[in-house]
Amino acid sequence: MTPKVKEILSWYGAQNPGVLTNLARILNHGRLGGTGKLVILPVDQGFEHGPARSFAPNPPAYDPRYHFELAIAAGCNAYAAPLGFIEAGAREFAGDIPLILKANDADVLRDDKDPVQALTASVDDALRLGCCAVGFTIYPGSAYEAEMYGQLREYAQEARDKGLAVVVWSYPRGSSLSKAGETAIDVIGYAAQIAAQLGAHIIKVKLPTDHIEQDAARKVYEAQKVPIATGAERVRHVVQCAFDGRRIVIFSGGAAVTDDDAFLAEIRDIHAGGGFGSIIGRNSFQRTREHALKLLGEVMDIYAG
Amino acid sequence: MTPKVKEILSWYGAQNPGVLTNLARILNHGRLGGTGKLVILPVDQGFEHGPARSFAPNPPAYDPRYHFELAIAAGCNAYAAPLGFIEAGAREFAGDIPLILKANDADVLRDDKDPVQALTASVDDALRLGCCAVGFTIYPGSAYEAEMYGQLREYAQEARDKGLAVVVWSYPRGSSLSKAGETAIDVIGYAAQIAAQLGAHIIKVKLPTDHIEQDAARKVYEAQKVPIATGAERVRHVVQCAFDGRRIVIFSGGAAVTDDDAFLAEIRDIHAGGGFGSIIGRNSFQRTREHALKLLGEVMDIYAG
Amino acid sequence: MTPKVKEILSWYGAQNPGVLTNLARILNHGRLGGTGKLVILPVDQGFEHGPARSFAPNPPAYDPRYHFELAIAAGCNAYAAPLGFIEAGAREFAGDIPLILKANDADVLRDDKDPVQALTASVDDALRLGCCAVGFTIYPGSAYEAEMYGQLREYAQEARDKGLAVVVWSYPRGSSLSKAGETAIDVIGYAAQIAAQLGAHIIKVKLPTDHIEQDAARKVYEAQKVPIATGAERVRHVVQCAFDGRRIVIFSGGAAVTDDDAFLAEIRDIHAGGGFGSIIGRNSFQRTREHALKLLGEVMDIYAG
Amino acid sequence: MTPKVKEILSWYGAQNPGVLTNLARILNHGRLGGTGKLVILPVDQGFEHGPARSFAPNPPAYDPRYHFELAIAAGCNAYAAPLGFIEAGAREFAGDIPLILKANDADVLRDDKDPVQALTASVDDALRLGCCAVGFTIYPGSAYEAEMYGQLREYAQEARDKGLAVVVWSYPRGSSLSKAGETAIDVIGYAAQIAAQLGAHIIKVKLPTDHIEQDAARKVYEAQKVPIATGAERVRHVVQCAFDGRRIVIFSGGAAVTDDDAFLAEIRDIHAGGGFGSIIGRNSFQRTREHALKLLGEVMDIYAG
Amino acid sequence: MTPKVKEILSWYGAQNPGVLTNLARILNHGRLGGTGKLVILPVDQGFEHGPARSFAPNPPAYDPRYHFELAIAAGCNAYAAPLGFIEAGAREFAGDIPLILKANDADVLRDDKDPVQALTASVDDALRLGCCAVGFTIYPGSAYEAEMYGQLREYAQEARDKGLAVVVWSYPRGSSLSKAGETAIDVIGYAAQIAAQLGAHIIKVKLPTDHIEQDAARKVYEAQKVPIATGAERVRHVVQCAFDGRRIVIFSGGAAVTDDDAFLAEIRDIHAGGGFGSIIGRNSFQRTREHALKLLGEVMDIYAG
């Protein structure tokens, strides 16, 4: 156990040894194992966006085994996916990489201004499939947010009791927010705080812009001159919003990016701002395997630096 | 156990021996037993469309025993029906054919743009009636989709724990979809993916058209030149959307077809496209028994070919 | 046990001996005992329409004991009522007549185009009160139909497990149906089918008219020339819709009829059409006791004929 | 045990000895003990109307102990209140007077045409606090009536199983009723019937007016010449509507009345009409203690007469 | 145990020794221990208003340990916060100060005229984290009030059974209330009464204004000449509304106040009116640590006076 991982675990003093063990498994696995940094491969886009939009650009990715193999070959810390994808490789790749079972999901066949996630897997599913953690998405700002927070509360309590870590995707959405507001710096910081208060062990948010959505927040950002001009500053602020750096916060870039350099520039921002790492889905599996491995290697080089 | 069935079971590595045993029972039964292909007789139309619309064209079909006998005589792999119909023959035909208990149903007395299925049977009902599987319908695209996915999650977990297979009817419907969209190739592929991610062991979808419903999907189909011009290509694509062929996907043709040749042409498309078989309801029991047996025999000839 | 009752019980092969015993108790009780025909006295109108509308025409009927006594004196097969009425006589008349506990009810103080029934008694209530069956009303066509079907599913499973029979009042209603549609032949046949598929052991519907409500159904009735011109033909069709006569279907006439001859003509139609009997509420207890006994006697004469 | 109380208990033949014991405790307590008549002090107005509107006219009544003492001093049969008020005196006055725990309540901070009660106490709370009964309010006519009936069903079953009596406040309200309709004779009679059918042991309704709300009811009242011209006749009719006098029905007068004589005239009507007594809240605790004791004494004189 | 604390505990005669023990722990802790007065530090603003609005004015407050340390250093009776903040210090500060786990929370990303709180922690969480009490917010006046009251009922029953105290934040809000009405004297008094009736052991309300919101209440306040002109009178009235002073009622001032003198004037009003103390969030942690300690010391001087 490296001092860095020991330090991170010390922030989670209320958790039982089972949870700490599984957090350690994720932090100690793969090329970044022991550094306190994380790169996770998530593949829920088949459910969230549809299979052709997700996998047609790189057809081997239709096969669920592809993603296990990619995450292992790239040296990711963990692989996260919905029930079906995890079931489709859990025996073959048992013990090869920490698994995160997404416990809720949504599709885009239903178009709703106030979206909700459906429950699609249980904590016991995670146990039987050998997972280290459950993943749960919330939509702060949706008319269904209270329902989703309540479901997360139940799942998180059961997961903690059973020694599993809890990873929360905190994605602001809903009729009270503008489109720009979904990635506004005040809103992303708020989303990180909500996930932390709900007991998340690992928090996943989108990279924020410098837009400020809420007037009441803007007054404070301006009065206190909170630095949010650069990407690194915004990452630093979001990390601060999650218990002043005492919770693991990782970032995604949102849409697929074709330009590797632009993508890596974002990674450098996250690293410079003290972010704990990245969750990289479409930018991994929509490239060819070779290209993805090269890009993930460069990402890990930055975080290891 | 044929190599083909062994191979298919190997795709379900996360399942307990009970589930594999029941999947094997279905795959090994009837005229197509051991081939890896399936023809299932489903009779939920009495509930879904009303008794006269379903059975008046062939009045012996009002009697629930008729369908057990038809499925057995035709050499189908399994017979699927709601609680009442299964109860009405479960003792008399005990052990004669694998049974699939439909666990939810809807009627057309209620007209709703966003339909929902009512829960009509339990997993324990399936056990007490000697069934091999539970059947569950979801309507991806309906305002109630999250509710139905959540119900399926609970049913599927209980069924798996109790060693039953899970068959999902994945029928896109709802106010966000056009009528043509319900059988659009992108939507059917998406519906197959959702069912697979929700943990279905056998997935039933309608034969897709070449219509593309969602703009975001169309861009990908065109950019990646996904072949969807012929029926066989579309079947192949849907199978690919269900974990690259590692889940059993079977097809229905939708409306009753009076022309046997047109019907058999569809079967040839499914076979050519790598589909795992058919679920044939109205085209079986709305023909005379003799005619139905002949037609089902021709269907099985194609799949056995 | 008469051959007729033996035959009827043989249709319920999936049921445990407890359910069969209670079905037999109902079929073997009273003046029609052993004939396979049934006349049941139901008194839920105090709840459903209000006490004065129900009982002011014959004030002794305000007393719950009146109905036990009437049902016993008339030789009915069973007496059905809500919790309060059953509780008010269950000890005094213990063992005197099979009891059916209505488990849900609605009132007309609330006016709703899509009605719903409230749960008003439990299966355990039925056991503790010595009942042979639970009664449950569904409104096919209501916006709440899925909720009611789901509740019936739970009640029916518990009742079956505990050896009680399940009697379903299947009353089509709701904003998708016209007033005439509530008793249309296609809709009543459909309602009988739904109740049968939901696992009802005894099905109660209203006498249908020759109106056809749904266009898709009309095409089939016309194409197949389903005979529905006379009352007897319509009864025969409804019985056919309930598993081709393999489920007990009984009929009510709807509104109170002052003309005994008109009422008895309906009974003759039911008998001629192969119906299993009648459930006669207001036409019993809104007449004087003497008159009611005479009329019920004439009804039983017809069924015994 | 007086013959009168024995007779009343005989009407509840379906209840276990625990329920009968608690009914007897209420019937045998206080100045009217053994007469079969009841005067109950209810104090839920602090919750239902607010504390100042309830207690400012007589400030000692802000103290929860005041009401225990008043009910005991006046010789009431029972004291009924929400959880907080009962908890605030249950130890100090343990065994001094039968207690009825109100299990649901509503406030007037929320203005709703279709009101609903919130669940505020449990059956186990009633047991741990030494109560003889739970009290439950329903609003027949509200859009939430089915929900409230269902909740009452669950509470009543648990209370019966645990040997507690069930007291139902049956208050018609909701968007389907006019203001006058809430106390119309047909509606109050209907409300008493619903409570009785739901299994209430003691039913509390408001004194009805001679207004008739529902056209279908008016026809019957007129055709059958149901006598409802005087207060006593209306009370008699309501008692008849509750199983022909075989359920305990008590009355409240509604709004606070400053004129003692007018108030006592109502009591005489209730007595003359065969009502079982009164539930007197604001007319007790909004008078001075001395005045209230005098008035309650006069009420009991009437009922004892 | 001081006579004052003994007296306060005597008001809670219905509670088990576990609840009394935890109430005593809170009353006996810190600088006001034994006086019967309370100052509690609550920090749920990170969830309720967002992290930057809450903590940017005093950035050390982003760290959850800051608040534990502040509450301990200031000699507060207890520290109250949501799950995440409590978990982040529960081990490090175990036994140092009584903890109150907020069990529900809301954010302002969702803008709703009728707000609702999401369930965010359980009673078992409070036990495993060593807390003395659970905290629960209700919004009397919201369309969701009945749902929240019902949730509080369940939480409070479980907490009582497990020996934990129950602290209720009673905040009137919703579409039936004007903005001024949220702090109107009649509404705040009503909110205190509702919390007390729901079984709260400690009640937290906002300082009321002299506005009267409801016409029916205004008539009584005027007719009875209830004194509400000064801050102290209004505090006295609210305390009276909570069982005539037999429930612990504490106050918050609402918005952050920059002027210490104005803030302390409010504290003097609370003390003069017989309030039991204060819950001071933003006015503590948005000042520098030094400033906050000085101000809290002055507050405690007043209450100790």
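Letters A, B, C, D and E name the chains as they come in the text, with residue numbers starting at 1 for each one.
Note that contacts are C-beta pairs under 8 Å (C-beta built on N, C-alpha and C of every residue); 3 or more make two chains touch, one makes a residue touch a chain.
Owing to the predicted nature of the structure, the values given are computational and were not obtained by experimental measurement.
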Spell out the chains that contact chain A while also contacting chain D. E
Which chains does chain B share as contact partners with chain E? A
For the copies chain B and chain C, the interface residues, called same if over half of the numbers are used by both and different if under half, are different
How many angstrom lie between the CA centroids of chain C and chain E, rounded to a whole number? 57
Find the geometric centre of each of chain C and chain D from their Cα atoms only, then give the gap between the two centres in Å, rounded to an integer. 35
Any chance you could list the residues of chain D touching two or more other chains? none
What topology does the chain contact graph adopt: line, ring, star, complete, or other? ring
Would you mind writing out the residues of chain E in touch with chain A in their complex? 46-47, 49-53, 56-57, 59, 62-64, 82-92, 105-112, 116-122, 124-125, 128-129
For chain E, which residues count as touching chain D in their complex? 11-15, 140-143, 145-147, 149-150, 153, 157, 172, 174, 176-177, 186-187, 189-194, 196-200, 214, 216-217, 220-221, 223-224, 226, 237, 240-241, 243-244, 246-247
